[in-house]
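There are two complexes below, and they share subunit A, which is joined by subunit B in the first and by subunit C in the second.
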Partner chain A sequence: MKALLVRAILAAVAAVAFSPASAQNNTTALPPYVPAYEPRTVDERGQWMEADEDERTLRDSPLVIRDEALNAYVKRVLCSTVGQDRCQGVRIYIVEVPALNASMRPNGAMVVWTGLLLRVRSEAELGAVLGHEFAHFELRHTLNAFKRARSTTDVLAWLSVLGGISNTDTSMNRLLLIGSFYRFSRDQEKEADLLSLKYLAASSYPTIAASQIWQHMMEEADATAAGRKQKSHHRYSAGFFDDHPTDLNRAVYLAEAASKAKGGNDPATAGYQAGIAKFLPLFLADQIKLNDFGGTEYLLGQLASAAGWTGDLLFARAEMYRMRGNPRDLVSAAQFYSDAIKAGYTAPEARRGLGLSLMRSGQVTEAKSALTEYLRLRPDASDAKAIAALLAY
Partner chain B sequence: MNKTAVTLSLAVLLATNASANSLISPGPQSKIARSSLSANPSTEWNRLSERGGKNVEIWTIDGDELNKVTFFGGVPVGEPLLKEADKKHAPLPRVTANMLITDIPAILESSYRIQLHTMRMSIDNQEPTTVGGHKGIKFTYSFVREDDEVERKGEAVGAFVGDRLYLVTYEAPAINFFDKDVDKFRQLVTTLKL
Partner chain C sequence: MLRWMCSGLAAVALLFAVPAIAQEKTGNKPGFSLRPGTVHIILMRPTIKVGAQSTGGMFEPNADWTAQARQNIAQALNEAQTSMGNQVTTYEEGESGEGPVASQYAHLFGALADSVIEYQFFRGNRLPTKVRKGTFDWSIGSGVTNLKSLAGADYALFINTYDAYGSTGRKALQIVGLLGGIPVTSGVHWGHAGLIDLKTGELVWLNADRQMGGDVRTPEGAQKRVRELLEGFPGRPTQPAVQASK
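Showing the complex of A and B:
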């Protein structure tokens, strides 16, 4: 029954999304922007001081990915979304956490988790999320929230509505706790969503991308739940204590707003794939170790539907199946490793995985030949001695 | 009435004692982690009351953030290494039948990533060894937990015996502590029996 209801609402979303655009109105007008903004009041100066201190900690964190090209790329997407004048002052920190999240400090420091980069499928979708965070900054939401409730010590997290998607228990999350002052209200979230849509409307990216993210999040949550043999439960309205609108709610109102201001035509899917290509193997490796079989299968399927089953994707899928290790999984894993090699995956680790899967399936002779090949290709591997021992068993 | 009160308070005392940390003196120690694991440490250790799992026992010298030996005593097929903090949303990988020695570091890494939020972890060196006379693996690793971002190093030995996973790990901050106490761990490992 619930599934039916979800489908009906999604259909409604799609209908809204693809209905002819009504006449453009002034919803696309962006608020005026002040460059090099400085805090003006006691409250705001205090917040900026805290945020500056947090940012110093963040800057030195071993979890920050410092690759120049990747950082430049994410910054470029932000700039293409919100405009060159607005984006210049923002510092982006890409942090290696395999869950979907991004956040913005009141002083203009933006945190992007690698799980977000793995999940969005185009520059337009990434731009929608980054634009949303930037909107909080531009609208000085932190300050307003602080004034409204000085005692607020709750946590900003996109995760709070995503619940089942993430394997990361955010309660212990220091990086999130750093953001403890920066919690926004549900109205502010909606306000930021809609301003983010205005940025998109003024950019070369299509505005519908913002709604699509939330649809994919719901689908991934369903896949995760199914993979764990749990019921999926979407909520149709936010609870009293929720600080984000529900995914479904967001998908609906964003699609509705997008139909009024479509923005550009090019979501830059290929550009996005090229932009994160170097780091995709790392993001995938982090994801498959989370023991989220259903959700990861969905993600891999999504990535494959955009780029085809590349060697990287096949290898990641094989690793995940081998890790779960049911007899049927080991057979599938061996197949995916072979497919990866056929698809041009040259890293010797594919031979390693193939050999180990076959060995666990009892196909010892073939296993040994694959493992021998691995050792020949990578004689200095950190596990060379252990693999050699398996060959000798 | 009085007798009952005395008995009750004694029971409470005993219960408190049973759950407190305790000193491990040098000399033979048996039934570690409620299993057939035994060892013969040549230095003093402290056993923590906190266990982390059904088949788990933790020893330390200066506190588990600074040097920590964890014994996983025979985790059976179908069970996770650690007690799951959030079984519904963050289930841990299970020990499966026919696991190879190279799967031991992999299951430890995955469990840590999920439960301890070790966003960055690498298995560094893996070589064959024997654990109490059984064929096993010795490996080193390094990781950063998200809550304190301290760079830690680890060293471990593990083996499958009768479809049960036996694993003993040593972890300490890479700066100062790891090297300070690693020899005590290595001595301990040479005395392990199953």
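Showing the complex of A and C:
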């Protein structure tokens, strides 16, 4: 009896743990992006219902950037990547979060974080990420992951009960199952990466952009670690609980795939810079608040190497140095504020930063003239009283 | 994507948990009372979620059941409104554009109700600030007083329900567990109903139960659920059924 139970347990574990990611992918005939698609199965309808509810909340969120031009631009890059027939039904929500991420709901709602827009360097790189998210949608990955999680926890529950009754140690089997779920998740991510590369190959963008994102991410991680006096590691194999392949792994297999299908020639770097120009100051302001000196210096340097040290970049750099606030940082900050003003940065906040940096460096006369100028340009500033008090001192 | 896995794992971990017993279900702000026919209460759009509970304990959302429950509960609430002792009207966003904020408040109320259950109704877990006898000090914040679409009303009635019906697999697991002496729970049925004072944002009455009756997928079950949700509703005439039959 006990032997039978144990055998049943092992068979169930094997059935769930070793079924591949793509085998569960034929729930319905039509792809979900066809116009007015209606989900078919009970599970898919349930997932769409929850996604619809989430999307309503998301739509009304104060963090969503509603600027028409920016939204239209990101949508255009998506359409250029995956094709007009696929992209039409997708709703894109640009959310003000300063980290590199994007996600896709099973019902075709796409979330793009502003940190992604700050980090990618061309339309091709943005398209690679948007294409990856779209691939999750086209391949019904949320639904499949839900089913996989359910079958995994079903077997886990039976293992707990049957193992308890038969007094059998099932801990290794349970560990195997949990590990298999994360491996499944990594397989889906790789599948989406490779489908995104196929979209890129058929577009005007070069496919190598998909690999470059991960190279840049590793460089930024190195810079962040160096800024925090930490060691940086890049592993090739994923950890047990990793739900995505490692950055290094992605960079390698995407470069390999890109060498076989090159795609177009134009990554549209200049077009990308123009597309997000209006929002660059906001993205930078959010980024410097992360208190990631090394990583932000790296990002600013990259942006400057593409477009030169513009007023926006100089101002952001000045603010970051002033925030760190070592005596030497204040000297650098004052210099960057002055450079920003020289480079044509017109917002009065540059005078404010310049004045405060100089004040703390002991250059009171110059500081007061900069702060007076700030108050003249922005008399209704929220900190006007505090600045006036500083001037009177 | 991993939240189901986490909730599933948590559910498996809780497989053997003993259900909480002797827990309080209703709270009233001390000194709060309503006389019938004196105030205007607005009934907010209920948040309703219905699905199944998988063998491993995960929530499986079900669109059909949720749609049925939404209709049945709305119907049952309509019928109940007449016997609640005060003027009760359903929330209308009107031209205020406050629908999204109102739905955020509905979710905030849900979080508040969960906190009350966790830290006041459950004696073993009561917070030091909530232990004094006769204390019922909870609020969703005074911001709700600024909502134009709620102007002129005295109280808002919030209702949340969450149902996960035990699947066949879950029931089988329960039976096998029973044979082996391992307790497995099947089905989750939560409901909250609460009254918020629109002049302060304070919670003045809460009825919260994590083992509610009534199958919300049927009209009769939804009526039973609404009856249980509104049990002890303040300001209700003492014996409306008897008076009506005379």
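Keep this in mind: the second predicted complex is superposed on the first by the 323 of 393 C-alpha atoms of A that agree within 3 Å, B and C clash if a C-alpha of one lies under 4 Å from a C-alpha of the other, contacts with A are read in each partner's own complex, and residues count from 1 in each chain.
To be clear about the criterion, a residue touches a chain if its C-beta (ideal position, glycine included) is under 8 Å from a C-beta of that chain, and two chains touch if they have at least 3 such contacts.
Computed from a predicted structure; not experimentally measured.
Novice: Between subunit B (first) and subunit C (second), which does A:D67 come into contact with in this model arrangement: first, second, both, or neither?
Specialist: The answer is neither, since A:D67 touches no partner chain.
Novice: Report for A:D85: first if it touches subunit B alone, second if subunit C alone, otherwise both or neither.
Specialist: Neither subunit B nor subunit C is touched by A:D85.
Novice: Just to be sure I read the superposition right, which of the two partners does A:V42 touch: subunit B = first, subunit C = second, or both, or neither?
Specialist: second
Novice: Which of the two partners, first being subunit B and second being subunit C, lies in contact with A:S185: first, second, both, or neither?
Specialist: second
Novice: Looking at A:D383 after the superposition, I want to know if it touches subunit B, subunit C, both of them or none. Which is it: first, second, both, neither?
Specialist: After superposing on A, A:D383 lies in contact with subunit B but is clear of subunit C.
Novice: Contacts for A:E50 in the overlay, against subunit B (first) and subunit C (second): which applies, first, second, both or neither?
Specialist: second
Novice: Indicate the residue numbers of subunit A shared between its subunit B interface and its subunit C interface, in ascending order.
Specialist: In subunit A, residues 164 are touched by subunit B and also by subunit C.
Novice: Using the touch definition from the top, list the residues of subunit B that touch subunit A in their complex.
Specialist: 85-86, 88-93, 96, 98-103, 106, 109-110, 113-114, 117, 119-120, 123-128, 135, 137, 139, 144, 146-149, 151
Novice: Would you tell me which residues of subunit C are touching subunit A in their complex?
Specialist: Those residues of subunit C that touch subunit A are 1-2, 4-5, 8-9, 11-12, 15-16, 51, 54-58, 60-64, 66, 100, 103-104, 169, 173, 176-177, 179-182, 184.
Novice: Considering the complex alone, what residue numbers of subunit A touch subunit B?
Specialist: Touch residues, subunit A against subunit B: 61-63, 95-98, 163-164, 166-169, 172-175, 228, 230, 286, 289-291, 323-326, 356, 359-360, 382-383, 385-390, 393.
Novice: If we count contacts the way the header does, which residues on subunit A are in touch with subunit C in the complex?
Specialist: 39, 42-43, 45-50, 56-57, 59-60, 141-142, 145-146, 149-150, 152-158, 160-162, 164-165, 178, 181, 185, 243
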